[in-house]
Amino acid sequence: MSAETIPAGARGTAPLSTAQMAARVAADIRPGSYVNLGIGLPTLVADHLPAGAGITLHTENGLLGMGPSPRADLVDPELINAGKVPVTELAGASYFHQADSFAMMRGGHIDVCVLGAFQVSASGDLANWSTGRPGAVPAVGGAMDLAVGAKRSVVMMKLLTKDGEPKLVRECTLPLTGVGCVSRIYSDLAVIDVGPALDGEARLVESYGVSRRELEEMLGLSLASVAA
Amino acid sequence: MSAETIPAGARGTAPLSTAQMAARVAADIRPGSYVNLGIGLPTLVADHLPAGAGITLHTENGLLGMGPSPRADLVDPELINAGKVPVTELAGASYFHQADSFAMMRGGHIDVCVLGAFQVSASGDLANWSTGRPGAVPAVGGAMDLAVGAKRSVVMMKLLTKDGEPKLVRECTLPLTGVGCVSRIYSDLAVIDVGPALDGEARLVESYGVSRRELEEMLGLSLASVAA
Amino acid sequence: MTVQLARTPQEAVGDVADGSTVMIGGFGPAGQPVELIDALLEQGAGDLVVVSNNAGNGEDALARLIQLGRVRRIVCSFPRQVDSWHFDEAYRTGRIELELVPQGNLAERIRAAGAGLGGFFTPTGYGTPLAEGKETRVVDGVPMVFESPLRADLALVKAFRADGAGNLVYRKTARNFGPVMATAARRTVAQVTEVLPAGSIDPESVVTPGIYVDAVVPIDSTTVLAGAQPSERGATS
Amino acid sequence: MTVQLARTPQEAVGDVADGSTVMIGGFGPAGQPVELIDALLEQGAGDLVVVSNNAGNGEDALARLIQLGRVRRIVCSFPRQVDSWHFDEAYRTGRIELELVPQGNLAERIRAAGAGLGGFFTPTGYGTPLAEGKETRVVDGVPMVFESPLRADLALVKAFRADGAGNLVYRKTARNFGPVMATAARRTVAQVTEVLPAGSIDPESVVTPGIYVDAVVPIDSTTVLAGAQPSERGATS
């Protein structure tokens, strides 16, 4: 189910589960791609990448060719992913140091980076590292490098916060991670294209259990259709 | 015979041969040093480094722990030095790419770099890459990186050109390789300290077969004595 | 200079002056030179500036150094972790300064120092609070931020094996910051599982050439490697 | 993208547009991808910008490309060699443009392109004719020159072995520019002595990760390795 084969304004009958969201993201990743999956929800995408498609996972702490979590008795504390979770290495893997790893990311060699988000703006600005709460201890990790480095950065997130606030916004109010870096949002309610190329108007690619009108009201934004 | 143990104005009885010059340079290199020897005369220094002193040679084309030339039947065209001459690798050697090799040099990790020169100024400016002749094909290689990168850059050269022109000068007239980068000149006639710390006045460390007065006349420069 | 083969972490770390800048390798627990940090704790230096990706976990090592008030300032990318309570407390009460740097910029700034460069322009962080007040420039249509080199007096890293020339190889994702930090400090100390004779590490596979290493100390780290299969310990020729 | 396992250098090099920028590995003869350059000769592209440390030797490969007038401009550190007569002639008669770059700046500019950086300040070249007209800045008391990233459409490199994932290891000082050039081109082609199954190269010893490699082609290079001892061919596990 690739976005390109779905007519503009297509809609599923119900919101996607997180597993379905992960499968939807995975469906857009081309065979042979090099992919970085951010911490949190995006990690789930790994379970839905088709075997044999030659998709290679990068983890920015220094491994290309990352495999799934090991059996408990094979856990190696020196083989972890960016979320500090034990992983494995696949045949054809390579290790490198942090400067080389972020050179790989920043230099545009990773085809797709899937990120979580607190907020994304219609022009593709991303806020995913700081809640902006006074007194909170800040931490950024590789978020800013990942946001701007890949050939294509996409976001996987629930479209609304727990309090029902939209996370796709006209302008981010939280501290930014990157400017104009996100090109697509995969959410439980819709797939929406964003980014600086769209003149500030997000485009609905497909929706799940809600109409475009309902989405527009929910978000307080107008959504263009994908051009015919 | 280290410079520090020779009284100011000391003089040998005759000019040094190139082998003696190489030995004189080698005598100032401390045990355990990492050293880069430039193309030409400086290459000869390798033959005079004391065995067992733990001196490690760097060649900027990507090898630390370079050994002497191999027997003819063991020549490997993929194991060469910066002068493209076949060399060997010693136990404890390592290979690295050009960016890493020049990072090692530029980052001040090499203790001593010995360079050839066309001209050196009293303030330590170096000219060793271009004769400045119109129509000549220019080539710089690693000369500029080597000149400014090492903890200490010294020059090994004949003090006069074949035409009898001094190569230690008040100001270089040839195109520069680096500014204020040379701290000592080892020549056939004298060892002379130069550099920006000396307020433009070169200092005679020792001479061979010529007096300070004779050197000053030869060079058209006044030479201070090494401070007592 | 010839590498020092130290018998204990204390001997390897040696004297550290108050006010020193100390780089500490590791990404979370992987590659954290715990025994060297313990030696630094014991050695007693204070008023330190620490450069490290994280700001300590639980009660030990870097967390303890912070708890004891020995760190004046920390330069890192991800201080907040589930068990970084000592940093959190020091930060909230204003007892520690924090310079937050995106992880890739942190690595590249350390590399720049080791490579003798004067700084670089990077797209990372442009337009964010972490680039506030920094010089910017558009390069080939991409807005960029200027970042400066980051150097240290001392680097403490954890590698896998050393040889007598000070060459280092690392193990899996424990490599992380070790190789760049080793280049950027006036003195670099590495803890390893074993020190082999010079020539035992394939020159093609050396990750940190010995020129960057001032002292190595072997640490029995069987517990850390508990999960590794025995055959892997012999994988590096 | 998945690495292409080409059967011939021609297939590996593929189509090259006139006016392309082509990086060519090698330091003198060591690491020069002769068969790939020959394929480029045969392919026919002209008006090329070549980035390479040297400007060709004798009659073959890069020297021939220059002799045939296919290179509009060359970016290199050391064009003048005892047998660089074709470059010398083209340069003296104004048929080729030369951008002379100090070797370390050349390597670092290529790395910067591959690493997505917008340029850097370096002490190398400051105050010399090669820095004329360039931006300067004093960093920590050291005068520096600004240097820009250098990228290419195509990189031709010579490595020792590849695996099915495109990972490369090199051999001795033939490594030189290969690893940085592989990162800085839209398409990177490597000639190797053999292509092994993915997983045959120790992940700790990979020098160029497969992500940087688009095509590999095995070349029988027994002549080039004539001087190598047979045991060395098995040194990389």
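Some points to look at:
Here the chain labels run A, B, C and D in written order, and each chain numbers its own residues starting at 1.
The working rule: a contact is a pair of C-beta atoms (placed from the backbone, for glycine too) under 8 Å apart; a residue touches a chain by one contact, two chains touch by 3 or more.
Just so we're clear, the structure is a prediction, and the values are computed from it rather than from any experiment.
Among the remaining chains, those touching chain B as well as chain D are C. Farthest chain from chain A, judged by C-alpha centroids: B.
With centres set at the average Cα position, the gap from chain A to chain D is 35 Å.
Chain A and chain B have Cα centroids separated by 55 Å. Chain A and chain C, compared by their mean Cα positions, are separated by 29 Å.
Counting only residues that touch two or more partner chains, chain C has 108, 111, 115-117, 122-123, 170-172, 204, 207.
Across the assembly, chain B contributes 63, 89, 95-96, 102-103, 105-106, 149 as residues in contact with two or more other chains. Listed by label, the pairs of touching chains are A-C, A-D, B-C, B-D, C-D. Chain contact summary for the complex, chain C toward chain B: residues 1-2, 111, 113-117, 163-165, 167, 183, 197-199, 203-204, 206, 209-212. Those residues of chain B that touch chain D in the shared complex are 59-63, 73-81, 84, 86, 89, 95-99, 101-103, 105-106, 125, 130, 135, 137-145, 148-149, 175-179.
By the touch criterion given at the top, residues 27-31, 53, 77-81, 84, 87-88, 91-92, 98, 100-108, 110-111, 122-130, 143, 170-180, 207, 224-229 of chain C touch chain A in their complex.
Of all the residues in chain B, the ones that touch chain C in their complex are 31-34, 54, 56, 58, 63-65, 89, 91-96, 102-111, 149.
On the side of chain D, the complex with chain C involves touching residues 108, 112, 115-123, 137, 139-140, 142, 144, 148-149, 169-172, 202, 204-205, 207, 235-237.
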